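Take a look at the structures listed below.
Next, two complexes with subunit A in common: one pairs it with subunit B, the other with subunit C.
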Partner chain A sequence: MALLAGLGGLAHLSAAEGNDATARRLLAQAVVSTGPAQQKLLAQLGDSGSPAVRDLLAAWTRDEILIYEAPDGSHVPVVLEEQQDAAGKARAVRIDNSQYLADAQHHELRFASGDLNAGDSDMRLRGAIQQALDSLTLADPDPDARRSAAVKLGNSQKKQYIPILQARRGREPDAAVRKAIDESLALLQLGDADAAVQVAAITRLAELQALGSVDALRRAVAASPDPRVKEAGRRAVQSIEQHISTVNFFGTIFRGISLGSILLVVALGLAITFGLMGIINMAHGEMIAVGAYTSYVVQNVFGSGFGFHITLPFSFGGQLLAFGFTLPGLNATGWWYESYFLFALPLSFLMAALAGLAVERSVIQFLYRRPLESLLATWGVSLVMQQLFRMVFGANNVQVNSPSWLLGHFSLDDVSFGYNRVFVIAFAIVIVLGTWLLLTKTPLGLLIRAVMQNRDMASCMGVRTQRVNMMTFAFGSGLAGLAGAFLSQIGNVGPSLGQNYIIDSFMVVVVGGVGSIVGTVCSAFGIGAADQVLQQVLGSPVMGKIIVLATIILFLQWKPGGLFSTRSRSLD
Partner chain B sequence: MRTSYRLLLASGALAVASLFAANRAHAEDKVVKIGILHSLSGTMAISETSLRDVLLYAFDEINAKGGVMGYKIEPVIVDGASNWPLFAEKAKQLLEQDKVAVTFGCWTSVSRKSVLPVFEKDNGLLFYPVQYEGEELSKNIFYTAEAVNQQATPAVDYLLQQGKKKFYLIGTDYVYPQTTNLILYKYLLLKGVPVENIGGGLRMDGGKVVSAGKYVPFSHTDFQQIVADIKQFAASGDACVINTINGDSNVPFFKEIVAAGLTPADCPVVSFSLAEDELRSMPTKDLVGELGCWTYFMSIKSPENKAFLASWKDWLGTESYPGVVKEKRAVDSPMVLSYDGVYLWKAAVEKAGSFDVDKVRAALEAGVDFTGPGGKVTMQPNHHVTKTVYIGETRANGQFKILKEFPDVYGEPFQLKALDEKLAALGK
Partner chain C sequence: MPNLNDTQIIRRGLLGRIPARLELIGVIAAALVVIVVLPSLNAFAPEGSAFHVSDFTINLYGKYLCYAVLAISVDLLWGYTGLLSLGQCLFFSIGGYALGMYLMLMIGKLGQYHSDLPDFMVFLGYPKLPAHWVPFHSFWFAAAAVIWVPGAVALIFGYLAFRSRIRGVYFSILTQALTYAASLMFFRNDFTFGGNNGLTDFKFIVGHDVRQPATQRGLYICTGLLLLGTYALCKWLTQSKFGKLQRAVRDSENRVLFSGYATANFKLFVFVVSAIIAALAGALYVPQVGIINPSEMTPDKSLEAVVWVAVGGRGTLIGPIIGAVFVNALKSWATRAYPDLWLIILGAMFIVVVLFLPGGIVSIPRRVMARWRRPEQPLPPLPTPPVEASADPAKTSPASSAS
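Moving on, here comes the complex of A and B:
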């Protein structure tokens, strides 16, 4: 997908360049011509959609296009460069071919700003240029820019834009932009003196369910003495508000699912290490941070490289201890750079799993029968890891740039779906499915379940419990690492990243029922949806959060085991 | 003001008292002791250590040119450790034990409120450098900080000039954003913006608006709902967002803004807590074109600023204070206002001909000025500073492109009452 997008971008670019060259020639002709010929050229320019010409047209209205009279009597329009030499003179760039103006001997000519006369422009011409500029933005190659230009014209309340918009309407290939143009046309017609036109415009706005027109409709209703306008306006506002609440309803559902997915992704690793294994794993957050920092390092390796060098703050035998390493950069660009995230995902899993492995071997393996000690020990591990992040990556947050394919959004009937949100939902589904398959359909999963249910019995049956413990903890940590990779795309990456998510993770696992993956899934989506609904209803994230937490406390009073409590003798 | 963004449970683990600087000045020189009271450990250390660094730089610069009235400056550095009661204890130590002539310090409003009674009791002198909500005036504190009318209201003026008609207020839930947004709400009403064009919601109490705008807790990460709300608010055009979100919540906020397709061209966001230092850890590529408003930008092209930046860089290369990070440093408004504070104090001491607190205060109140990196700053009788306010646009390199300047804005700490009176006079 990234590849196609990249190629598409390239093709697009060269087309725009060709377009620019033609448009510049047209403009050069327009500057030196007069009367109807000039008007015609300007209209043509308005349709060209060339961004370079837009700046030049703006310069023309500011009298910055100058005319050079060549020795052969021909007139060459130019603009002067900003950069001036010691004598206050600057090189002149020709409008028609964007090259430096030179004399017959190919010496570049330099001028001070007063040396040349400005291209003629009067009030009428300026009006025409402005019109060309407006239609130019409407003809921008980027649909978003066109849409935003159309909205701007619609809000201007100036009727002279109606013909420009109508002309563009006929040629517009993009449906979303067409809708924006329709809205803008109706908004402009709303200001008409004729009540019939107004009513027609109101009906049109109601048909279009134009979210942005509510303010204008209210104003029109208040301003108009005509009862027909008032009645139609009131109904239109009602209908649009109805539409807004539908949009909010579906929007809230989507946001609830996406927040639930984030909670799920974050908590799934803990559901393994805490839920299944019974380790009160306070270092879970730092495993998430390992994943996030891995994405950061991968991003830098795809860019200009990553290196770090630290000097320890104490000396050893009079010798300062220092170490460091450098990873060379690939200096990737375009889609290749944008694909770094696809490499970051498996690497985050791997790095976090390795970190988990190290923690399990060094600390946790001695604490399987002592949950309270595991709480303290993992807490210590988390502090050590945070300080390590500070030493390696610095105390400040680091920048992780999202690839462009995770940045945009698409709208269905005004409900917008962010790509990153859609991605996280799919991502959550994939990793839950993967975890479920691993636990239920593989030999390792069988061993894991056996060891977690009854460690001693499994050991008696010949299962190498040490090894299974190690693998399970590494897997749980790896899942946390995956969560970190994703979180780097929507939030910040810093040494205390883990601290932000550790509480949420425990909340999800405890509410879901310790030891139950299904419970974790249900509780994640339940908490996510409740949070978003309350935010929507109360209009305040602070209050929403308080109510969610209070409800959870009450719920746990009622069902201390969580949604799906698993009873096993080994826990007693 | 910016308060700690997170209950960083692990703070203090590596707190190390920094009393190393005591032996720097030569014993034979006449010395004057100056206190530096910042958090060098804990959550706020990220922001506050920069201020310690720039103060040490200013002292070295002054000492190299012969000191203050022939006295060499001897810094006394204490660590507030992001612990507000500890700030008061350290202030007491500076004033009663070390007997410092003046103290430069504090970042969060809560730390300033914590040391205020100590400075008043012992008649000390404190210079406070970070943008804050106002509504305070102590005879012992001089606020080189931006008052609300030197940051928030000029930004609104600029947006109104740009033809913006709808304003969405959003911030972190604590005193600085709450107060600033309440002032802005009243200011917007006064400028003729109708109530329905001020977004984010209002909270009423006894028929009076007590809170305006949308608030999130510290370290909030989920902005989907709020950004969807902003998008609907901005659908009718000419809208903008006034952002007083603090700390790292800004990253998820802006990522969501970008994902929702809200571009600066349609709906710009002006932020009051993001300066160059914060932008170093933000994905600036996604923030290009968003607005900021401060009384100093690193990109100012004045000869004073160029000289300052060059000399600061040289100092970083040669200084030998422990714990000063040398690489990838940015300079921002709180740092420059700390630096300006040192020179304003120096000018006042030289004018008064004495280090005595009462005489220096009288000299400061009578008005001293200094042309610093951000332009000329003049101390006012109300302990605030007249200075130039700049509006800038974020660029991909983490710097600001300056769009507009409001020269010589008089710092006015008490806004709420004045606005209430003006609104009452208009019958609103």
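Moving on, here comes the complex of A and C:
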């Protein structure tokens, strides 16, 4: 231990110098030395924290470090460059000073891979190299990499890692990584022959509520003859499993709420076009896709620009018909580029609202009295739009990068919350509130409700119903566009994006009760939560979905009008 | 009233009503050509002659005829009873799967793995044939399953739907959800129906090699006879008192209900009958096309079948046949000539038909004649502008609604 502490100090020094040069010299020395000296040098290397050495050590395990015997009899370890000349030979890079190997006349030497021998290695050496590699990974500047390295060492069941982990534990600045190291240490100590050490490790694991240690604990309990170990292990497993079910429970609830929010955002537009206006808008999904593609275009405009070109398979006067346009890029970087999403949100709303307006004026305005036929005509619209997406953006999914402030997640007591999911929930709340305010507190909302309740009567009172229809439909489509901007942050954006959500959206509106915003909110969260819970219980997303659909059909037996049906005396 | 406009259209005589005798002569002539002449030309005309009908053509027409039967089943529901079902392709596929199971078992040891089990079961590691597959060794059991399985599914779903008075667009949305759920289920590998790839690579049907032209010709004739039979059955149904009731339910279900008819049972009967018709079409489709997989039962396919009916002319029996053949022939041509534009053509065709030609293709001659005969009385403009009038069809005469 004392030796190790001394070495640790030394390594600290070399890491403080911050250059790879020392580490490379050590490595070169290690390759040519043997026995205990080699082991010692490797241990030192493990503490150097040098990324260059990590790659070289990895090369060593692959036997890619070769030994050049110089004319003066000294041995120089080298690696060959990947780039080979016509004769299949490559320049050699010295390990110790990263210069090209040259002879006395400063001519660079070239070798084929068979020209030089690899350094001898045996099991023991390989083990030592691996250990050095692992401790280098433990010193990685990225905390996540450190954490996964610690977890890997903990699961290795090799006791020689205990000192390495302990050394790192003392220097680790990050609390999460410290916890992972503690867990790994306890896991390794679990394999100790001494029952007292085992019991201490078990207690420690139980204290840490180490989620990943249940299997190891079970194995230890089964293997150990000592009753103290058995008793402590049983209690630890129990306590950890309880913790796991709590974590799963809250995780499922969170996922359910976030799925519910997505459904809500997606279905809210439909709740307006279908629920209030009675239009079966099968092109609703394509309005979502319009929003998603708008985000894509805005992202590209902030980046290197966007353009497309379509050639139609018809010719006119001997010339193929073609059209296209290009938007120049802003080539923004940094926070300016990251802020593209803030511009994408309103633009998605606007573009989808305009698309909705066009559809309303060209098709739907003739179909207010024929809902079944509005279903058919809008399906035609949806086919046309899907194909247009394919022609403009290609049949494959396009890449929409999330701004960095939507990436990542934070953990509360082992339950992880993705920022994008949290954002969706907050956003759903905002747009539901906004919609509710618009419908109940503004003059436009009053007109919308009047027209939707009784189009004829409103018309008699002097409301310009055509215009209100137009505005309402555009608003509903715009909401779908907003949903699309969101989905672009969560999943893939492709021509059939809308198709994946259209049936779910209709289900949400039907279950919620047509024409009721409150009902839509309730059913979106209900369906979202049910879906996630069933997924958790059945372990299969598809089965969960099927059962939800079947349950909805049965639910409508009980409440044919949905959760919050509007009561009226009319028959149909 | 969801179907107010249908009523108006029918009252104005815009749906294609072809004179009865003309229709009869046309049907007999077409049946002769399709069932007798084409197969004979395929079998007996020498390969190089101008009269020869190739095996490919027979196969292709066989497919169209299956689609025509499916279209009639959609029309029986939608055109005559006012129930727009987006789940007809589910029944079509169930029928196909039922016969497909029999065909799979008839492959025997000739599959890639030379096992008694169908190839996909070997591939997915089934130890033995699942129990519900065993009886499908018998053709007659499979043939019965083609009828009773979709019938039972339709009976259960229809009972639940009609009992709780789900109608109009809600019925459409629910049938769509049903189809969607079923297709998700069939896409799963552990549902024992081949998952994604479905059932394929058939070899024998009742002792005949499926891939032989003679067998295909037989199947084609069967399809032609099925179409003729379906047509005759539906003709008889829709012209009897039953047909009157159908139309009454479509136009004003509540009045029929208040007149003492159990409309729910009535609709259930129609739903089950049309499910069985669709399933029969599916069963004949599978050996001719050689594959059945879950993509046949997606909601989109059902909607496509509705397009055929709308394009041909709903509320007639000739219309769906014409529509199915016309749209599919157009599809065969367009997907080759303009692969990128096919969906746009289909979508645009649909929009145009819904907006400007609610009676479909079969209504064109009548519209033209009406214009030609009474130029002083132009047809009321179609599409009808949103009429701000009473929702009660009884009060809605053509004159008052054209406000």
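We adopt the following convention: the second predicted complex is superposed on the first by the 421 of 572 C-alpha atoms of A that agree within 3 Å, B and C clash if a C-alpha of one lies under 4 Å from a C-alpha of the other, contacts with A are read in each partner's own complex, and residues count from 1 in each chain.
In the analysis below, contacts are C-beta pairs under 8 Å (C-beta built on N, C-alpha and C of every residue); 3 or more make two chains touch, one makes a residue touch a chain.
Remember, predicted model here, so these are calculated numbers, not experimental data.
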| item | value |
| --- | --- |
| Subunit A as common anchor, with subunit B and subunit C clashing or fitting | clash |
| Partner chain(s) touched by A:Lys40 [first = subunit B, second = subunit C, both, neither] | neither |
| Touching partner for A:Arg464 - first (subunit B), second (subunit C), both, neither | neither |
| Contacts of A:Gly380 with subunit B and subunit C, given as first, second, both or neither | second |
| Contacts of A:Leu372 with subunit B and subunit C, given as first, second, both or neither | second |
| Partner chain(s) touched by A:Leu556 [first = subunit B, second = subunit C, both, neither] | second |
| Subunit B versus subunit C as contact partner of A:Lys545, first or second or both or neither | both |
| Partner chain in contact with A:Val398 - subunit B first, subunit C second, else both or neither | first |
| Subunit B collision site on subunit C, chosen from 133-141, 187-195, 241-249 or 277-285, when both complexes are overlaid on chain A | 187-195 |
| Subunit B and subunit C contact sites that coincide on subunit A, given as residue numbers | 383, 386-387, 542, 545 |
| Touching residues (chain side subunit B, partner subunit A) in the complex | 6, 8-10, 13-14, 45-46, 173, 196, 201, 214-217, 219-222, 224-226, 228, 231-232, 235-238, 248, 251-252, 255-256, 258-261, 263, 265-266, 280-286 |
| For the subunit A and subunit C complex, residues of the former touching the latter | 280, 312-313, 363, 365-373, 375-377, 379-384, 386-388, 390-391, 455-456, 459, 465, 503, 506-507, 510, 542-543, 545-546, 549-550, 552-554, 556-557, 560, 571-572 |
| Contact footprint of subunit B on subunit A as seen in their complex | 144, 148, 151-152, 154-155, 211-216, 244, 247-248, 251-252, 255, 258-259, 262, 383, 386-387, 395-402, 407-409, 416, 418-421, 489-492, 494, 496, 499-500, 531-532, 535-536, 539-542, 545 |
| Contact set on subunit C toward subunit A in their complex | 1-6, 84, 157, 160-161, 163-166, 168-170, 172-174, 176-178, 180-181, 184-185, 187-188, 254, 299, 303, 306-307, 310, 337-338, 340-341, 343-344, 346-351, 354-355, 358, 383-389, 391 |
